[in-house]
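The structures considered in this document are given below.
Shared between the two complexes below is chain A, which has chain B as its partner in the first and chain C in the second.
== the complex of A and B ==
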């Protein structure tokens, strides 16, 4: 029974990927891509990785879909010139080779995975009991720091390009009551996910995605000040998370001698503080990426 | 008792799936935006609520029901609002 479900999920994901490639218009492609994201999230659930599933559904499908739709609107109509057949051929060969390599590695590999047992043995020292958070914010916090730095780079690039801000439609009478329910619930659930991240699936990225959803709902209705100042505050909040993470890394280095090696006993406090700052800053960055960081200075359409 | 609950859960969930299929059929076959919206917003919300009710019957404990109720309420209000917004945008 569950095998049938797994096969359906896999086929559904592949079918959506195919539709995204061959759909004649951008909106259709983006829609197929978003639905593929939900199939992938379901696949992660079935593989026993709810943290990744949450992140995939919220960021991979939801927010990336919103960003793609926004870009699809800004770009001109599809040009018919198309991609040469040779490029298609090369891409197909590379994909097949990669897929074949993965299948071969899984079919012939006999070695035990080393990581899970190592994490399980040391998770008690990390300050949190959710192994995923333990890896992301303690054992491999360095990687997470660099991921946030990547987001900051994206934000700076968008700032440099200065895209035109979305001009929100005047909110209709049904929108305000809707926002009064949805935005507080988004904030509440984000806080819940952030706090639960220490012991159960959840954490900064998932919480930030929820906050971003609330922020975008406000912004699209014109209720998140569209002025230059809001843009600056969002960019500063985005940079603030990275700055605080770096400060924590240096502080831990001074206290214990190891970069991001938290003082024994208080690791949980450090992790929660860093995650809280990251949640706000990632949400600010994602909202900025969608809206454009400040009021448009040039129209490049 | 458990058997009755299981049967009720499966029946409710199957009815919900039928509603969702009808919504999909409506979006596919109906002629214009407003008709499609009509099929989608109502049948979709009802289908999800039925699936959630069925799942609640199949849950081993009542604790998970709260999240399901939250899901249904959020989908219902966002579906109604977004249906309204799309309809308005279509009329303008």
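== the complex of A and C ==
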């Protein structure tokens, strides 16, 4: 029974990926990509990774799909220079060989799992009981700090390129009542995921993805305010998260002597404070990445 | 066939598909899509390799969470660049 389900999910994901990469119609191709994201999220729940599945469904499928649709609208229909059939053949053979090699390597490699026992032994000291959150915000908090820095760099790049800003159409009558329900629910769920992330699947990224969804719904209906001030507030909130994370890293270094080595006993407070700031800041940066820089930035050019 | 094997095959298939398309397509959005499919395939491989019914391995999961957020930032930056150059990689 569960094997049949796994095979269906795996084939569904592959088929949607194929359609997404081959379809001549942009909207169809992005739609297939989004559906692939949901198949993949299901697969990852089956593989025991609900944290990653949540993030993939919200960010990988949802937000990336929205970004691709936005650009598809701006770039127009697919423009493919005809590639000679020989190139197709060679690329297909090489890709098949690569896929075969990967299967062979993973099927025959016998590596001992090192991390689970190490994490299980120390998770009690981390301040949270969800091992994934413990790795992200305590054992490997350094990676997460750099990840937020990557987001800031991407935001600066997009601001510098100053793409065309989205001009939302005025919302129709049914949209406002819908938003009145969806946006508060998104905010509530984001808070829930953020708090539950300490003990159960969830955490800052998943909460930020939900907030981003709510923010984009408001922005696409023209309710977030397209003015200079909103854009500046979003960018400042984004930078603020990184600044707070850096301050926490330095503060912890002064208190304990190790970078991001939280004082014993109060780790949970530190983690929740950093995660809350990260949720707001990542959500603000993702909304800015989607919307592009504020009007003010464009006027100044 | 175990879930692990099924998703290992599926991950390898996704990586293969993505590489084939990266090599043969000149369209910006399609290339960005292929890059995203490639990342999903690699994530599938990592999770399938870390799969063990007895314990959960949180380290690859944490890497993948970081990877998903970095990938969306990269996608946004690539699409902004792509819009700027007008959608043709081959000119």
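Here is the rule we go by: the second predicted complex is superposed on the first by the 274 of 301 C-alpha atoms of A that agree within 3 Å, B and C clash if a C-alpha of one lies under 4 Å from a C-alpha of the other, contacts with A are read in each partner's own complex, and residues count from 1 in each chain.
The criterion applied here is as follows: a contact is a pair of C-beta atoms (placed from the backbone, for glycine too) under 8 Å apart; a residue touches a chain by one contact, two chains touch by 3 or more.
Everything numeric in this text was worked out from a predicted model, so none of it was measured.
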item: Chain A as common anchor, with chain B and chain C clashing or fitting; value: fit
item: Contacts of A:172 with chain B and chain C, given as first, second, both or neither; value: first
item: Which of chain B and chain C A:51 touches, first, second, both or neither; value: second
item: Once both complexes are placed on the shared chain, angle at chain A toward chain B and chain C, C-alpha, multiple of 10 degrees; value: 90
item: Chain B versus chain C as contact partner of A:269, first or second or both or neither; value: neither
item: Superposition-derived comparison: chain B or chain C, residues of chain A touched; value: C
item: Which of chain B and chain C A:250 touches, first, second, both or neither; value: neither
item: Chain B versus chain C as contact partner of A:188, first or second or both or neither; value: neither
item: Partner chain in contact with A:87 - chain B first, chain C second, else both or neither; value: second
item: Lowest C-alpha to C-alpha distance for chain C against chain B (Å); value: 22
item: Chain C - residues contacting chain A, complex; value: 1-21, 23-30, 32-34, 36-37, 40, 43-45, 47-52, 55-59, 61-66, 68-77, 79-84, 86-88, 90
item: Interface residues, chain A side, partner chain B - complex; value: 169, 172, 174-175, 178, 181-182, 185
item: Complex interface listing, chain B residues touching chain A; value: 70, 74, 77-78, 80-81, 84-85, 88-89
item: Residue numbers on chain A that touch chain C, as the complex places them; value: 2-3, 6-7, 10-11, 13-14, 17-18, 20-22, 26, 29-30, 33, 36-37, 40, 43-44, 46-49, 51-52, 55-56, 59-60, 63-64, 67-68, 70-72, 74-76, 78-81, 83, 87-88, 91-92, 94-96, 98-100, 102-103, 106-107, 113, 115-117, 119-120, 131-132, 134-136, 140, 143-144, 147, 150-151, 153-155, 157-158, 161, 163-164, 203, 205, 282, 285-286, 289-290, 292
